[in-house]
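Shared between the two complexes below is chain A, which has chain B as its partner in the first and chain C in the second.
Our next item is the complex of A and B:
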């Protein structure tokens, strides 16, 4: 029997490589979901993992680091927050 | 074939267009407070009160310690949370004039996590546990009411007596305090 494809639709599924039940410590929404200001999960509201291995929604952690009282420290462990060795000011926000 | 991106754009445009007409959005701060409130573990010595049930950003907390020097007192704090929560800590004040080394006569509270040590991963429960702890273990270092702290440091028994006097509405060293004993 010969089969001829006339058309096909690709369907894909993706998720962050994170424990599914974990939440962002700042907004308390699941990593899978968005920060409280965004509507659509994924590239519009990405996650960011600091060099201390603590992760947050990018919007959550950046609004904290922008604030003077943060002293650019991780809210979990109070270490100076950097991403791949770079401080926040060298990283472009989506 | 893949129209997801254009669909998403359209959706966002529609939303932007209708944003002006829609009723007020729930803010990020409100969402976070809602979560924190649902996770509170108040036990039998504390309760919350919402003077305006539609406004969860402003509420009162009553602490009635069942042990320690402040046992039998009933202390009412106001919580004011701004739209920058959880990046800013809640503003907490004691509504009564009480005798305590870490609470001044205006009701300002000296608790590290309400000021310099606040971080957005802390929640309202952490603040409430901190307040409760102040009544169990008043802290003579870094005081707001210097006289009370001095009393606690040099004469713990005398301090305890002063606390009992102040709780009953008496005066300590010429300063009169509010009666805050549980009814």
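Our next item is the complex of A and C:
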């Protein structure tokens, strides 16, 4: 018997490459979840990793950095906050 | 602040995200605070935790205002981490309470802040609008 694939859809999910039980220090929601204002996790509510290695939901850290009193410092270590990008993702096939 | 609160803390009221009441006790044998329980009132703004909560001691028949050179007799607390400049959003109700426990336990003076009587009589500002000067690194 010969099987011919006419089309196929790959299905996989991904998550941030972060310890699973870790929470954002600002909103206290898991990194896997969203900030307190968003509905959908993932690309819509990404994480940011600071050069100091502290990470937060992007929306959480931005609302802090917009405050004058933050002096643009990391809430954890009070070093000047700059970012080296998003955390790595883990992709898993189903 | 969830099921397991730090020792000496008791969540009294937390029905909403506007106002919470927490009872705190000083656990070390500091004679100024023995056998007393103090009641803290947390008031949260929409911006919490980006903005600090307002935290004051409240007095009633069973809860006095603790003696401390940075605690006014009306319950207003002068502590840098509760001020705009000292707050960071990683603080929470529990960490604020623990800081206050530690502020009390390390104190040996049965005193009120300078100008307490005048301040308590005339102050109409909300605690967060008062410009405290944090001059004292001793207590």
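Following the convention adopted for this analysis, the second predicted complex is superposed on the first by the 81 of 94 C-alpha atoms of A that agree within 3 Å, B and C clash if a C-alpha of one lies under 4 Å from a C-alpha of the other, contacts with A are read in each partner's own complex, and residues count from 1 in each chain.
Here, a contact is a pair of C-beta atoms (placed from the backbone, for glycine too) under 8 Å apart; a residue touches a chain by one contact, two chains touch by 3 or more.
Because the structure is predicted, anything quoted here is derived from the model rather than measured.
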Could you tell me if A:79 is touching chain B, chain C, both of them or neither one (first, second, both, neither)?
neither
Which of the two partners, first being chain B and second being chain C, lies in contact with A:67: first, second, both, or neither?
both
Comparing chain B and chain C in the superposed model, the one touching more of chain A is B
State whether A:9 touches chain B only (first), chain C only (second), both chains, or neither.
first
According to the stated criteria, A:37 is in contact with first (chain B), second (chain C), both, or neither; which is it?
first
After overlaying the two complexes on chain A, where does the chain B footprint on chain A coincide with the chain C footprint?
25-28, 60, 63-64, 67, 69-70, 75-76, 78
Please give the residue numbers of chain B that touch chain A in the complex, ascending.
1-2, 8, 12, 15, 27-28, 31-32, 35-36, 86-88, 116, 118-121, 123
Sort out for me which residues of chain A touch chain B in the complex.
9-10, 25-29, 35-37, 39-40, 60, 63-64, 67, 69-70, 73, 75-76, 78
Could you pull out which chain C residues touch chain A in their complex?
47, 49-51, 84-85, 87-90, 92
Residue numbers of chain A touching chain C in their complex, please.
25-28, 60, 63-64, 67, 69-70, 75-76, 78
